[in-house]
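Next up, some structures in structure tokens.
Two complexes follow with chain A in common, the first pairing it with chain B and the second with chain C.
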Partner chain A sequence: MGSIAAQLVSSHEDVVDHTKTSAGAPVPPTGSGGDVEASVTTDLSVDEWLLVDDSGYEPCGLLFGVAVFHIGLVGVLTGNGEVDTLSSALLRARELATGKLQAEARRVGATGVVGVRLSIDQLGGKSHLARFMAIGTGIRPKGAAVGTESQPATPFLTALSGQEFALLLRGGFLPVGLVMGVCVYHVRRLGPLTWLRTYSQSIEMSAYTSALYAARELAMVRLQAEALGLQAEGVVGMTTSELSHVWGSHVIEFFAMGTAITSLPDRQDLLDPTFVLSARDNVVSDPGAILGDDERTRDDK
Partner chain B sequence: MSGHEPSTEGLPQEALERLHELEATGGTLGLFTSDLSVNEFMLVREAGFRPRGLVFGSSIFHVGIQGRRWGKNVELGKLTEALYSARELAMTRMEEEADVLGADGIVGVRLDIKYYDWGKHSAEFIAIGTAVSATEGGDWRTKRGLPFTSDLSGQDFWTLLQTGYAPLGLVLGNCVYHVGHRNAIGAINQYPRSMEQPKITQALYEARELAMARMQDEASSLGAEGVVGVQLVEKSHMMGSHIIEFLAVGTAVRPISGEHSLALPQLTLSLDS
Partner chain C sequence: MTDEPSVSEQESSSPRGRRLQGVPPAGSRRIGDLQSGAPWSSQQAVGAEATLRDIGFEPAGVVMGSVYSYGYPYRARLRSGTSSSYGSGSYANSTLDGPMLTKRSGGYVHDWSIGPAGQPVMDMGWTWEETRSQQRHRRIASEAVDHLVQEARAIGAHGVVGIQFGTTSMGKDGIGADVYELSVMGTAVRAPGVEPVKHPFTTHLAATDVAKLVAHGYAPVSFHVGISVVCAQLGATTRRSLRSMDNGEVEQYSEVTEKSLQIARRDLERTSLSAGSVILAATPLVHVNRSMNTTYEATVRIPASRVRRFEHSGVQSGLHYQPIVRLNEQP
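So, the complex of A and B:
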């Protein structure tokens, strides 16, 4: 495999003024219970805010973490196989971004961050630089002061929305963290003889099948290892994706992500679901969503 | 619904490793993974099941060419079989994974097709879902001893069980059809008038019926009472606009109790925008 130059280019710590919150207002005095109430910026929708509030939590700011990484390939790849250096680079870049998000969360006294979105933006051209950003809204139990012992060292991160967080809590579960797994795989070009042989037939390409199947499973194994490390009971909301970033279609990143959860037996409420018939017109979900190229849609969450 | 017997031969080593890791062993309580949303997760539990693990099957299939006459409406049987087999392979592997977990069934199955630039006329067919096990045990598998499969979401799964039915299997029927081109004279003659194109109407009608009939046959062979949530999709994939694949997908169901009733729903007006 070719050698890779994958390195951290800059960190947002160089630019952010730590005496200010993300909203620009000065950080409120700690411990006093706050007779000065700083205003809070969040990206929660009204429904999310109400349900988070109903669960006994309050938002404490829109938070983000950024890392810019060089993810280009140096050299030529041959053969089929995992590109180890890229796998670790892509994971590391995301971990840096989420790590900074957690640091921000700690700083504003949040016990967790909901609605976390991870985005990757290529910074264009031949630079092969990509900006990894993790953004979400920090929350903490209502009335908790910043910097007390009740604040955990590692605020949990979750991609779950405010509503999903509230529902999870009612069911007696708590998110413990965002878990991820990465496997970058290089697929060799098909030789001309193989191409000619298979041209007219309908047949499974078993070599490719096993390779890509294994790569996806590897990403999921790694995600599981993270969940087991957090001593979680399970993972919900898993997503899997395939991305080629700046490399061209022969190099594919298989990425799996989910929210690890653990149960709080003393907090379990009876859910008692009932049927409702909405008086609002229903939107018919896309019939093509069951298969093919479309983004998956499911019933209203 | 696949016809193959599950065996772990088709699964890569990494899959077996991943699935075994999920099980509770001596010291640990095990772990579950799922692509269920929180809503689905809660309702699957309410229905008396617990998620075991995300299960997944894949097959990279090369779809060959099949000759056809330019003007003729005809099913392209070889392509029908190819697209069916590809999905079947993916689903069989997904079922094998659920079998390794000892799960009772799979909910939320999603069939997907991924195209890669390096695979001309190839595509990756994927079947992915969440394997579940009944907390109180019971007989949920199909009569052939395989875990049930369904494309029902967690919410639909709970609703189905409330009405006294259980899922048996995801059933699908397809038909790849070539719609004949009109010849030039015919096209010119008809140009200014609005009229039905009987040739094309007939072709599409036939293709759709073939797909639906095949889906129904699968349901019958499972011993199902009916099929719910049927979706009919028509796609050309990468085959050009005169070739269309008609696909009918649904979940075959069987009754688990003599009574089938549903609580009367309450009327609500959501404040959600």
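So, the complex of A and C:
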């Protein structure tokens, strides 16, 4: 039989000769009726895919949701306070993008979408146009027929990776949805008198403190409210970020996102951590990051 | 340019005298050296090297393919082509055209439909399938991969792993033609003692991932880039919403981008090789081009590798190819 490599090479030749393609060149379409056993695209990594597969799920497609949003006029900002126009724009745009992702998931018969990534891009440097993209891989239990009652009306979305999703299932939890909280806050500029009073001292800028504190709490309470609405037990993988986008230094978006989870009825604690030595390192896959680190260290010295 | 003849001269003087079409003289020389036993190179990490040898492959050398191209926007209505001068780094000779817009759109189109694969679809001035611009991008990508495969074949490789795909935009030239370089680079691998093949397998997955796949009954088949260009003339609704002072979705923009992503995905899926196979994709690269508030163009590229079922009777070593769950994973 020969080595694994020899078997792989010879069976590969059979496959390729069968379809008569030159490697890398797109094959001409075979006709419209060719979707009997269509191939499935996924952006899961090999690790994620194999683990999702292990947990009894199969990928059913790389799914997208896109919302290009026009952000309305903001007017003159004074004082500490939330910028409602921006808060609602950023939340609605993200909800639109994830909503479309969910709609696509329903269309392909997925019960959920894992590894959801949200990205925002400003279009052409214009501050009033932003593109929100949600990308993830739809999954469904293996062997489940499409369009039966086993498919939930609203597939869950989760920002967790395939690995984390598998771990979550093993721990006896199920994701119920993506929850978000958004708050865009304007932080008051210092008046000339305050500036004169404080510029030579080391003191707390209490106006800033209260503004940033309030804004972050607002974002988190909104996330909490969303989780409550989903009847979740908890929220895992919660991240908070502070983004200034294109608004300069005094307008800040606080964005909290996480995955709401609920426990399975027959849950037991049976996660046992194990030690692993990975044969992969990131030298090749992300040369930029390594380089950047070196540079930073050098600067610090 | 006087480069052309000298190139063929140099290529024919490479050790095996084999002309590699589209590969520059230095590349042919490098491949020639590799053929005659020069030290191999590999982009795979040291640990990954071990997993590669465990399934019976050894590195054969780094191979690449690169295409430098420019194309004029539709407005210019000019025929354009990739330069054939080696000095500017071009190794493709195809003639290319800018994107094609056929009709003006009177208003906003809600009803999207996609025809059978490969059929141009035109609907009230919207054309989002098989535009010439899309054909050009697809051709460039497949040419680059062809060059890489050609290099791999020349050094007797049976496969290429860890293909990295990148485009470098050189911006626009004086009359608005977009200029970019597309390159692919990967590590060719060889199964010692096995006859050379016509079609080496290609994948963007790293050696470790390939070993894991093999351990779980899958094998890499081929690397593709799913490509789509969707271009639309702005409708009246879009113009209105761009002028608006309120929050609101620019639906046409959203849909153009979404369509483009979907078409790129279908481009990957329609290269159907074996039924029920799985395509492992990298993150889609989306590039948007707005010109003068009259058109909106979304270019999507999704690098991906197809894998197939593969049952083997060999024994892998005691190394454990378990998918790794890290408890400290960053979300």
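Rule of thumb we're sticking to: the second predicted complex is superposed on the first by the 227 of 301 C-alpha atoms of A that agree within 3 Å, B and C clash if a C-alpha of one lies under 4 Å from a C-alpha of the other, contacts with A are read in each partner's own complex, and residues count from 1 in each chain.
We adopt the following convention: a residue touches a chain if its C-beta (ideal position, glycine included) is under 8 Å from a C-beta of that chain, and two chains touch if they have at least 3 such contacts.
Treat the numbers as computed from the prediction; the structure is a model and nothing was measured.
**Student:** Touch check for A:S202: first (chain B), second (chain C), both, or neither?
**Tutor:** So A:S202 only meets chain B here.
**Student:** Contacts for A:D47 in the overlay, against chain B (first) and chain C (second): which applies, first, second, both or neither?
**Tutor:** So A:D47 meets both chain B and chain C here.
**Student:** Which holds for A:I135: it touches chain B only (first), chain C only (second), both, or neither?
**Tutor:** second
**Student:** Can A:Q224 be said to touch chain B (first), chain C (second), both, or neither?
**Tutor:** Once the two structures are laid over each other on A, A:Q224 reaches chain B alone.
**Student:** Of chain B and chain C, which one contacts the greater number of residues in chain A?
**Tutor:** Result: the larger residue contact count on chain A belongs to C.
**Student:** Quick one: is A:T239 in contact with chain B, with chain C, with both, or with neither? Answer first, second, both or neither.
**Tutor:** Both partners.
**Student:** Of the two partner chains, chain B (first) and chain C (second), which one does A:S263 touch, if any: first, second, both, or neither?
**Tutor:** A:S263: touches no partner chain.
**Student:** For A:L212 in the superposed arrangement: first (chain B), second (chain C), both or neither?
**Tutor:** first
**Student:** With the two complexes superposed on chain A, say which partner A:L160 touches: chain B (first), chain C (second), both, or neither.
**Tutor:** The answer is both, since A:L160 touches chain B and chain C.
**Student:** For A:H70, using the defined touch cut-off, is the partner it touches chain B, chain C, both, or neither? Pick first, second, both or neither.
**Tutor:** The second partner, chain C, only.
**Student:** Under the contact definition given at the top, report the residues of chain A touching chain B in one complex and chain C in the other.
**Tutor:** Residues 47, 160, 164, 167, 237, 239, 273, 276, 278-280 of chain A touch both chain B and chain C.
**Student:** What residues of chain C sit close enough to touch chain A in their complex?
**Tutor:** 43-48, 50-51, 55-57, 116-118, 138, 142, 145-146, 148-149, 158-159, 162, 191, 193-194, 197-202, 205-206, 208-209, 212-214, 216, 219, 221-224, 241-242, 244-250, 253-255, 257-258, 261-262, 265, 267-284, 286, 288, 290, 302, 304, 306, 308, 310, 312-314, 316, 319, 322-327, 329, 331
**Student:** Which residues of chain A touch chain C once you look at their complex with the stated criterion?
**Tutor:** Touch list, chain A to chain C: 1-13, 15-19, 21-32, 34, 36-51, 53-54, 59, 61-62, 64-73, 85, 88-89, 92-93, 96, 100, 117, 121, 123-124, 129, 131, 133, 135, 159-161, 163-164, 166-167, 237, 239, 273, 276, 278-281, 283-285.
**Student:** Which bits of chain A are touching chain B when the two form their complex?
**Tutor:** Touching chain B: residues 47, 160, 164-165, 167-168, 171, 187, 189-190, 198-205, 208-210, 212-214, 216-218, 220-221, 223-224, 227-228, 232-240, 242, 248-250, 252, 258, 271, 273-280, 287-288, 290-293, 296, 298-299, 301 of chain A.
**Student:** Quick one: which bits of chain B touch chain A in the complex? Just the residue numbers, please.
**Tutor:** 11-15, 17-18, 21-22, 28-29, 31-43, 45-46, 51, 54, 56, 58-65, 78-79, 81-82, 85-86, 89, 93, 108, 110-119, 122, 124, 128, 151, 153, 155-156, 158-159, 231-233, 235, 237, 247, 249, 262-272
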